[in-house]
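What follows are several structures.
Consider the two complexes below, in which chain A is the common component and chain B and chain C are the respective partners.
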Partner chain A sequence: MTLDELFGIGPYSLPHDEKQALLVEHLNRLTAHHADRCAPYGRILDAYGYRGRSWSAIEDIPYLPISLFKEFALKSIPDNAVIKTLTSSGTTGQKVSRIFLDKETSRRQTKALAAIMQDFIGGKRLPMLILDTRNVIKDRTLFSARGAGILGLSNFGRDHLYVLDEEMRLRTEALKQFLVDHPDEPILMFGFTFMVWKHVYQELRAQDIDVDLSRGILIHSGGWKKLTDEAVDNARFKKALRDTCGIQRVHNFYGMVEQIGSIYMESDSGCFQTPVFSDVIIRDPLDWSVLPIGREGVIELVSILPHSYPGHALLTEDLGRVVGEDDSPDGRKGKYFEVLGRIPKAEIRGCSDTYAEEAVSSAV
Partner chain B sequence: MQYKIIAPTGASSDSVFRQKVLQPFAEPILSFIDALSGRILKDPSFKHYPEVMAMAFWMRRANIVKLREEFEAKRADRTWLGRGVVFHIAPANVDTIFIYSWFLSMLVGNINVVRVSSQADEQLDVLLGAINEVVADDAHEDIRTRFMIVQYEHDDEITGHFSSKCHTRVIWGGDETIRRIRAIPIRPSATELVFADKFSFGLIDARSFLDHDKKDRLLEHFYNDAYWFSQNACSSPRMVVWIGEESIVNEARSEFWKILEGLADTKRLGFAPAVSMNKLIAECSVAIAAKEPVVIEKHRTSLVNRVLLSSADDINRELQCGGGLFYELRIDDLKELADIVQEKDQTIVSFGTNREALAEFVRTRCPIGVSRIVPFGEALTFSAVWDGYDLLREFCREIDITVR
Partner chain C sequence: MDNTEKLREVFAEALQIDQGKVVDSLEYNSIPEWDSVAHMALVAAIDDAFDIMLDTDDVIDMSSFGEAKKILTRYDVEF
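This part shows the complex of A and B:
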C-alpha cells in the first residue's frame, strides 16, 4: 500500500500482521533513501555495517538516538528544498533539535494528522479555542515545538480564539463572547498540558470564573513533568477540568517534533494509541533488545512519514511500556502504550570539572 | 564571605596562616598519617568505600617511610623546605584526590587549606568524621593547627581570599575550572600546579596477549581500570591501541573483548540507562565526524561499546561519555605510537611491551603527552608523581647553600 492509499484507510484499521508488513516495507525503503541522501546517516550505517541491507521486522531497522538531531544537522534534501525548520522546546542553554522539512514531508504530516484527528473529532471543522497566547506563533520562520503544534492543530478548527493574552492572562470576556457566538456546536480546544493547567484551569479557579465548556473536546500534549510537583496526573487533570468547567472529553497525546504528524492520541484504553503510520518499540537499555508487552524500557518510535530527514526510527529518551495491542475498548487497532517519564540523568564521578558539574547540579 | 570550615572542628581561619612550616617528614606528620590510616583500616564502616580503603593503605607508615627514603635519595645533600601555605582546590565529585594532594604537601611540612565543593557526599562525611576525631587528640596539635578544610559554593571572592594568602595553589578538576580560577590572582611569588582534563588508553602487544596464560586475571585488572570510576577518571583507559599485524590483532581483539564483555555483564559497575544512551549517541557521533572509515562493533550488551578507527586523527578526546566506550586502533610497531600521542594524554596502561622498550620510545620519540605508563590494574593507583609533577618536590622550595 502506498502512503497516499494509507491516508485513505482508517488510521487504526490495521491489525498486527498487516501493519507490520506495511511498516517494514516503508521503513526499509526510507532507510535506503536516507542512506543515499544524508551523508552523516550513511556514515552511521556504514560504521554498523548496515548499508544496503534490508530487514524483515521493524525491530531490526537501524534507529538513531534522538539527541543526534541536537548535535548534527541531519537532512536528506538540498538546502533550497527546506521549507520549514522545526526546533524542539528546550530550556535556556540547552541544545535543541533541528528538524528540516520539505514540501513532501510537510504534506505527509498534515495528511497523517488529519486522518488521526478526523478519527477522534470527526471531519467537520469545529470552532476552536487555543489555550495559549498568539505570541508563540509569531516567528514563522523558526517554529518552536509549541508553535508548530498549535499551527498543526489549528487546521482542524475555525474561528480560532487564543484564550491567553501576551502576558499569559486569561481573556475571560473574549472567551465568554466566543461561547455566546458558538452556542450549539462542539468546541475544539487545544493546548499544552502545563499551560492548560497553570494558565487556564488554575486561573478559572483563582478568579472563580464560571464558564460552561461541556461541549468542549480538549486535546493536550507536552507531558506531566512540570506538574509532578503538584502531583497532577492524567486522572486528576481530567477530573479537575470536568469539575471546574464541565469538559467531558479530554485526549492527551504524545508526540515529538522529530516525528510530527504521526502522533499518539489517548484512546479509550487510557493509553497512547499508535496509528498505521507509526509504531512503538520498547527496548531494554542493558542490551537494546526488544521488551515484551508490559515491560518498562526505553521508547523507540518508528514513523513512515519522514522523507526530508532520517527520523523514521528514533530511540527517544523517554521510558514507557506497551500496555496492549489491537484490543483497545474503542475498537482501535494498533499497540497502545504509556509514557513513564524521562530516563534519569546519570551521576558522574571522576576528575570532572569542578564548576561545570556544580552548574549542572544546581540547574536540576 | 560565606564558607564553612569542616575540619578541624572549631578551627579559625586566621590562625592557620600564622603557622611556620614543619621539617619535611617530621615525626608529628608521620604519626598523624599513621593514626588516621589505622583509624580507617580498623573501622568496618569504611568497607563500603574501596577508594578510601586503598588510600588508607597508601597512608600506612611503611609506605610513607618509603616515600621519605625516595625523597631523601633525590634530595641528597641539598636543602628543601615546604613552601608555606598550599591552597588545594579539589574536584567537585569529591573522591580521595584531595587527601592525596593535602597529605603530600603536608609530608614536606606545608600548611594546607583544602577547598571541597558543597555537594553532599556520604564518603566525604565519614572521612571528615575520622579526620576530626583523630586530629582532636592533642598528640596531633602540630597538625591540627596547620590545616583547614573549607567548603563553599564556587565563589571568586572566597577563592581570591585564599589565593592571596597561599604560596602554592593546586587546581584539580579540569580545563574549565582551571581557566576560571587562573583569572583569580595569586601572590607574585606563588607557584601553581594544575591538573587539566586528560585522556588515557591501553596499549597491548597482540602476540604477547595471545600467548598469555592468565587472560582472565589480566582482563579483570583492565576492567577495574576502565570501570571503577565508570571510565570518567582522567586515568581511566578510553581507547585500546593494539600492536601487531592485522590478523593477530583481530584474533587478540576477539578474545580480549569477549572476556571483558563477560566480566562487564557479571559486575555491571556503573550501569545506567542514561549511560547506555550516551554511549550510543557517542558512537554515532564518532561515525558522523570521522574522516576515515570506522567500524562500530556489535556488542552483546550496552556495557561495552567499541569503535574501531582507521586513523588516529579520528580520536575525539573531548567526547567523554564514560561507562565503557572504547576506541580501538591498530599499529604495526610501537614507534607509530608517536603519531598518536597528544598533549592531553596522561596514562598508558600497557601489556606486553617491556620497560626498556617503553622508556626508549619516550626518550627517543619525545612525545608531547603521556605522563604515566603503568601495568594493567594500576591506572587508578595514585602516585606521588602525577601529570608530570613530582609532587613532593613541587611542594618544596630549594635553599641553595654554596658556602664552603
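This part shows the complex of A and C:
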C-alpha cells in the first residue's frame, strides 16, 4: 500500500500483522533512501555494515538517538528544497533540534495529521479557540514546536480566536463574545498542557470567570513535567476542566517535532494510540533489547512520513510502556502506550515547559 | 465580475500579492507569501467571499489556485 492509499483507509484500521508488514516495507525503503541522500546518515550505516541491507521486523531497523538532530544538520534534500525548518523547544543555552522539511514531507505530515484528527472530531471545521498567544507564530519561516503545533491544528478549525494576549493574559471578553457568536456547534480547543493549566484554567479560577465550554473538545499536548511538580496528572487535569468550565471531551496527545504529523492521540484506552503511519517500540536501557507489553523502558518511535530527513526511526529521551495492542475499548487498532517521564539526565525539554523556564529566568 | 476574477481578488488580497501572480499554477508553499499562516487567512477569506464552509480535506488539498477552483465547484461555485 502506498502512503497516499494509507491516508484513505482510516488511521486505526490495521491489526498487528498487516500493520507490521506495511511499516517494515516502508521503513526499509526509507532507510535506503536516506542512506543515499544524507551523507552523515549513510556513514553511520556504513560503520555498522548496514548499508544495502533490509530487515524483516520494525524492531531491527537502525534507529538514531534523537539528540543527533541537535548536533548535526541532517537532511536528505538539497538546501534549495527546504521550505521550512522546525526547531524543538530548547530552553536558553540548550541546543535545539533542527528538522528540515521539503514540500513532500510537509504534505505527508499534513495528510497524516488530518487523518488522525478527523477520526476524532470529524471532517467539518469547527469554531476554534487557540489557548495561546498569536505571538508564537510571528516568525513565519522558523517555527518553534509550539507555533508548528498551533498552525498544524488550525486546519481543523475556523473563526480562530487566540484566547491569550501578548502578555499571556486571558482575553475574557473576546472569549465570551466568541461563545455568543457560536451558540450551538462543538468548539475545537487546542493548547499546550501547561499553558492551558496555568493561563486558562488557573486564570478562570482566580478571576472567578463563568464560561460554559461544555461544547468544547480540548486537544492538548506538550508534556507534564511542570504539572507533575504540582501533583496534577491527566485525571486531575480533566476533572478540573470539567468542574470549572464544563469541558467534557479532553484528548491529550504525544508527539515530537522530529516526527511531526504522526501524533499519538489519547484514545478511550486512556493511553496514546499509535496510528498506521507510525509505531512505538520500548527498549531496555541496559542492552537496548525490545521489551514486551507492560514493561517500562525507553521509547523508540518509527514513522513512515520523514522523506526530507533521516528521522524515520528515533530513540527518544522519554520513558514509557506499551499498555496494549489492537484492543482499545473504542475499537481503534494499534498499540497504545503511556509516557512515564524523561530518562534521568536527559535534557529537560518540553514545548510548554520552555515558556515557564524562560519566564522564570527573565523574572530573576 | 465572474467567479474566477472574484477568487483571484480573494487570493491577491489574502496573500497580499499582485493579482497578476494569481494564475492556475500558483502553488501553496511555492512563494513566501503563501505559507501555512497565510493559508488560514486565505481559507477564511474564501469562506466569507463565497458564503461557504470548506471541509478540512478541502482546506488541506487546496494546493494551487487551479485546485481551488476545482474544489469550489463542489460547493456549487461555477467557473
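Going forward, the second predicted complex is superposed on the first by the 345 of 364 C-alpha atoms of A that agree within 3 Å, B and C clash if a C-alpha of one lies under 4 Å from a C-alpha of the other, contacts with A are read in each partner's own complex, and residues count from 1 in each chain.
Here is the rule we go by: a residue touches a chain if its C-beta (ideal position, glycine included) is under 8 Å from a C-beta of that chain, and two chains touch if they have at least 3 such contacts.
What you are looking at is a predicted structure, and each value in this text was computed from that prediction instead of being measured.
In the superposition on chain A, A:H160 makes contact with chain C only, while chain B stays out of contact range. Shared-chain residue A:D327: touches no atom of chain B or chain C.
Shared-chain residue A:E185: touches no atom of chain B or chain C.
When the two structures are aligned on the shared chain, A:D212 is found in touch with neither chain B nor chain C. With both structures placed on the common chain, the touch criterion links A:D36 to neither chain B nor chain C.
In the overlay built on the shared chain, the residue A:P65 is in contact with chain B alone; chain C does not reach it.
Once chain A of one complex is fitted onto chain A of the other, the partner contacts of A:A114 are limited to chain C, with no touch recorded for chain B.
The partner of chain A that touches more of its residues, comparing chain B with chain C, is B.
Comparing which residues of chain A touch chain B with which touch chain C, the overlap is empty.
Listing the residues of chain B that touch chain A in their complex gives 89-93, 95, 97, 117-119, 153-154, 172-177, 180, 195, 197-198, 229-234, 236, 271-278, 280-281, 283-288, 290, 293-296, 298-303, 307, 322-323.
Interface residues of chain A, counted against chain B in their complex, comprise 40, 43-44, 46-49, 64-65, 67-68, 71-72, 285-288, 298, 315, 317, 319, 343-358, 361. By the touch criterion given at the top, residues 83-84, 103, 106-107, 110-111, 114, 117-118, 123-125, 137, 140-141, 151-152, 154-156, 158-160 of chain A touch chain C in their complex.
For chain C in complex with chain A, the residues that touch the partner chain are 29, 32, 35-37, 40, 43-44, 47, 53-57, 59-60, 63.
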